[in-house]
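Look at the two complexes coming up: subunit A is in both, with subunit B in one and subunit C in the other.
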Partner chain A sequence: MSRKVNHIGQLVLRLGALCALLLLVGPGNTFAAEAKAQLSPQERLRLGERMYREGLLPSGEPMEAFVSGDVPVDGTAFTCVSCHLISGLGSIEGEVVTPPTNGRLLYQARDSYIKGSEFVPYISNYAKYLPVRPAYTDASLARLIQAGVDPTERSVLHVMPRYEVGDEDMVLLLEYLKALSAEHSPGVTPEEIKFATVIVEGTDPVKVESMLAPLQFSIDRKNSLAQASKRNDRVARMGYNMLGDLSMMSFSLQHWILKGPPETWRAQLDAYYRKQPVFALLGGISEGEWEPVHRFCEEMKLPNLFPVVDHPVLSDTDWYTQYFSRGIRQEGEAVARYLQGMSELFNGRDVVQVVRQSRKGDALASGFRQQWQVAGLPAAKEVVLAPGEALTPQRLEEIVAREKPAALIVWDDAGSLPALSALVGKDGAPGIVITSGTWLGEALWTLPEPLRANLYLTWPYRLPQEDRRYDFAVNRMLIGKKLADYDRVILRQSFIAQEMLGKALMDMRLEFYRDFLYDTLGMMGDMYLPLYERLSFGPGQRYASKGCFIVQLTKGENPTLERRSEWVGH
Partner chain B sequence: MIKSGLVMVLVFLLIGLFSGPAQAAEAKYQRSIETFSVPDVVLVNQDGQKVHLKSLLESDRPVVVDFIYGTCTTICPVLSAGYVNLQKKLGPDNQKVHLVSITIDPENDTPAILKEYLTRYRAKPGWDFLTGSRRDIDRVMKSFDAYFRNKMDHKPLTFIRSPEDKHWVRLYGLLSSRDFMNECREVGI
Partner chain C sequence: MTSKLLLLVLAGLLTLPLAAAAEETGQKVYLVKDYRYEPGGSTGDPEVGQSLCGTRCNALSSDYLNFIEPGGWRMVKVASDSEVVLDLGNPFMQGECVCLADEYLVKLVEYNRPKEVKP
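Let's look at the complex of A and B:
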């Protein structure tokens, strides 16, 4: 009898094992096991990363999955990364909290601080509570990915796809998860986070100081709190209430000065980094080239938050530099959107761009050209002004007489104002004349009266009279220094940089992974800070201000700007 | 006794083996019938064409509307998978229904981004993705009682309009394929 029971017991065990095997071995397991065994550790991680980020099995086939119970989906549209994000530390969107999926956290039990409580305060502010659970094992994690059941036998939300991944492929995916966000990024110790800011030599010292002042103020303030917290328990409690575990940490800011031509910058950046690795670059400033710094950050996977540059690198896929906007080019794009709304009234007459040959002029004209083309409108005519060539009233009149444009766009500095003024009231003058408000500089505020009613200007910021409410917050960072000694725009930009860094670090708590910094920024809602009407973020979005007003200057001795468009238009 | 125990074990094992995702496809969403007044705004579709929303939605064929955005990570892909699946199931009949997605992130979602999104999901004709000015998009969201100040706080909402009685069915939650198909059949899709 007992032998018979044993026999049946063994049979049940074997059947159980068979079922478990059947559960593990899914379709798509076409990538030969032998081939995988010969892969280098790097190649195994690369294949695991491809499954995580692109939803492709090692065979190259898409991972198949089901969401919401029975909705079949293609893994390439439903990758792990879309919810658990690049760092694997999870996300919150709408009502859905996605827990971390990095090995370090999965393979440790999630316990409550308070015995008996079912929920535990979570590592990050954005997802405050998650249920307790034992540590995952390889088998229970594979079961979760395939069947959606966690080690407490709870069925996880059906937003989580149930993936059809075979056991050999699963091993690669689990290896990747174990390596994901396993150790803090370089530049972080338990006591300190190191930052650097990149300054291109030769940049106007007022601009450099305007970029540095808010960053340094913010770091000094943070370090004072850390120092005081270590000395005084009451301050420590207060600091902890404000900043949590971050309150005891110090920050430092190195200045990485780049000298010589841009092609030599990479070697200089490498040398700075070798000498002292940093967690991220903050701010930074250049009046010309920035691309070598951008490329360095991409290759080193080093975040750079909000460099002050006129010409950001434009990319839909690059990850590591967060810009304020698409730069001056955005003004050209805004003009195209503005004019496109009224193009039906042009009755076949042309739009003409008069462009000063220069980096700014080219960026503005190119922004307009591309946006105009996207709208499916016939290409605008272009007149290029060589460097040093004056735009005289006669020259502009000739252009207008020849082309008879419905709309005239002049991308030039304040030197163009006499020609624009002379055009006012002339027979055949275009119905609308537009120029860049920022390129005019201070001359914008002293436009001749007749021109004010006839000239439209791009303005990529909040209107100054409406931005004054932030003066106190920004100016107090100067601690007694004169506001007139600083560049108003850059000061505000740098205010934004330190503010956003603070918000992100608070949300990250002590999970100092560079990718998590961007994952955290991507989860932030719209921000209303100085200078820009609105900053918006989202996963992978790297140009925070997407808007630009078209404005006109009012009459009188103390004129203001008046809106003639919305902040953003499509 | 032992034999019947074995049979029971096998039955449980087999249930375990074949109870796949479909097992969990219970109705876990809220359903209500609503009347909305669609604002008369002009939005832009994925091809950059202007679209009069009111006439687009109040047509004589069934319309399904959801609110999503291009870089959304969690909810929108699930809603879009529902659209894809519906189009697949309808096959050649997919023009029987007009699927409309309206962005809640108009600042970022240019027509080019909308087009790329639809391509990524292999959308067939009959699924339009619309953007517009922030003001107009806010008006549309408010008119559907689906306004979220912060796009990260949005909720899984789907609206189905029956051309017969001109009412909207409001579905709150992430629907299984079976539930979504059943809801669509109710309005004659």
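Let's look at the complex of A and C:
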């Protein structure tokens, strides 16, 4: 009996749910006005955000858009965010300047200058690109969106679509625009911008110091300008011309030290943030886990610029952490791309990956496997070495004799070198042998001579002999200390972090919104900085270096790396 | 007398470019513009060879935008359309790559170079 009642109850519930769904998505009924009025403020903002970012009406239908006046296009392909960006503060692409669309600026009249920054060249030059107009009202803004006519009666249809948005939906969109980039992000006051860096306890102190030194130098240099500007009018004028009000602001860098197991980090991060909110995290370092910090940044909408980590979190949609690259995995991907170009020559012989079971080994092998599969090539054979299991010459010879591979990839540390050396000149040796140059560490530079001509290496950085020209710029930050006392790679990575932050803050026109920090980075072209052959930024791109060289070590006592491939990128 | 003096000046002027060339000791870089595969005796697929030569020749090319020096630098073109011949360097296929490249010398500007980095 009770089972029957339950059954009827479930049926009634399902019918009710169906009716509610039909009411919401019924034909011709976009979204009942009464229902919208009852929405919570958060839900209203969410729906407005969806219109702005995804081009979807509250009903879930795509916004109808028209370009050139009457050519219909899908509103989800011509979203507001694609030009006005996540922060709504507009974009600059070459000569095309898209004005801000956040309520705070829309509902102010626009002059040919920005009040308060009339004499700051980089800000006033920006203002000159944009047409003068009176302040928008709700009605004139709705007219702009629906008809493409601005308050000066000028048509904008040559650069912007017009959208079919009903009055009820328009109210939601305007509410969202009014909330967009309305108040400066936490961690910013008129006098100061607060930053923090996350350090995982137990990280090698030399590495930590190498990460901190450039950041602290940069912060100190900025603060001395602020101090000097307060004491000396000439310095103040010079600083103001360069940076506007940013010249008088000081920066601070807190150290957020994470202790104990990663499961406890979230609570520690919350406590640090509660105690002192910051505008962004700079750098940061961990030799192992980083995901809890990544997740914290996503949830708090807190930017983290260039943490020094081996295993970044890989995501196509996450927004708030900017990594240098996809980590060591990128080397595995590069090997797959390099070998796929010559795979036709393998005559049906296999590719074999010998993988040390470890986080590094797994990442390298997985990068190779995935890219090899994308290329449509038959899966490579894999031999896994357990932690602590030695790769002896006999073991490697057995693997080669059994599999007869055309290409042998060994993902292991320098302990594998004797086995690789023993393969040289042996009958039936693979045509090509590749390993990770970075995993070999310093042993890379002392490879036995006979091995050098036979071993190919991945190298995800610019060749050291070509990167020396950046030594002066990096060395300047050490204020008399020796370059040799630091980790060369991390020092350069941290140099990049502070350079990019400096460039981005200058380009932000004193609009200190976290999303605008990333919007600004996304507008930067390819950068030529130390360490990486090229760093690319673009809207939503979160892995700046996309390439890797395949190299060989030259003969002699002072060998160099020689490129065997171009910058193999994804 | 005057004509002898003129001859002397002329001879001096003619030797100037040689002297200047001898001083051109900057780093040599290549900007590769084209490449082709020369199979020689190899019987491999020439198209694969051509593709592999792309990788080989492009690896020779230097990205001049990487040059950053305190004090500045300039690139002096010393040869156009040089044919740089490289072994294909592939264990599965023989042949050579002919890389068509412009050769440049990177000359550092010493006048503005900060004292601490002057050799």
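Simple rule for what comes next: the second predicted complex is superposed on the first by the 516 of 570 C-alpha atoms of A that agree within 3 Å, B and C clash if a C-alpha of one lies under 4 Å from a C-alpha of the other, contacts with A are read in each partner's own complex, and residues count from 1 in each chain.
By our rule, a residue touches a chain if its C-beta (ideal position, glycine included) is under 8 Å from a C-beta of that chain, and two chains touch if they have at least 3 such contacts.
Not measured: the values here are computed from a predicted model.
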Touching partner for A:P72 - first (subunit B), second (subunit C), both, neither: first
Which of subunit B and subunit C A:R462 touches, first, second, both or neither: second
Contacts of A:R534 with subunit B and subunit C, given as first, second, both or neither: both
Which superposed partner A:G431 touches (first subunit B, second subunit C, both, neither): second
Touched partner set for A:E566, first subunit B, second subunit C, both or neither: both
Which partner, subunit B or subunit C, touches more subunit A residues: B
Touching partner for A:F346 - first (subunit B), second (subunit C), both, neither: second
Which superposed partner A:A473 touches (first subunit B, second subunit C, both, neither): second
Subunit B versus subunit C as contact partner of A:A406, first or second or both or neither: second
First (subunit B), second (subunit C), both or neither touched by A:A375: first
Subunit B and subunit C contact sites that coincide on subunit A, given as residue numbers: 534, 566
Footprint of subunit A on subunit B - complex, ascending: 2, 6, 9-10, 13, 16-17, 20-26, 28, 44, 48, 69, 71-75, 77-78, 80-82, 84-85, 105-108, 110-112, 120-121, 131-135, 149-156, 174-178, 180
Touching residues (chain side subunit A, partner subunit C) in the complex: 338, 341-342, 344-346, 406, 431-432, 462, 466, 469-470, 472-473, 528, 533-534, 549, 563-566
Contact set on subunit C toward subunit A in their complex: 44-45, 48, 51-52, 55-56, 58-63, 65-70, 89-93, 114, 116-117
Contact set on subunit A toward subunit B in their complex: 4-5, 8, 11-12, 15-16, 19, 22-23, 66-73, 77-78, 82-83, 85, 91-96, 98, 147-148, 155, 158-159, 162, 374-376, 522-526, 534, 536, 538-541, 546-547, 566-570
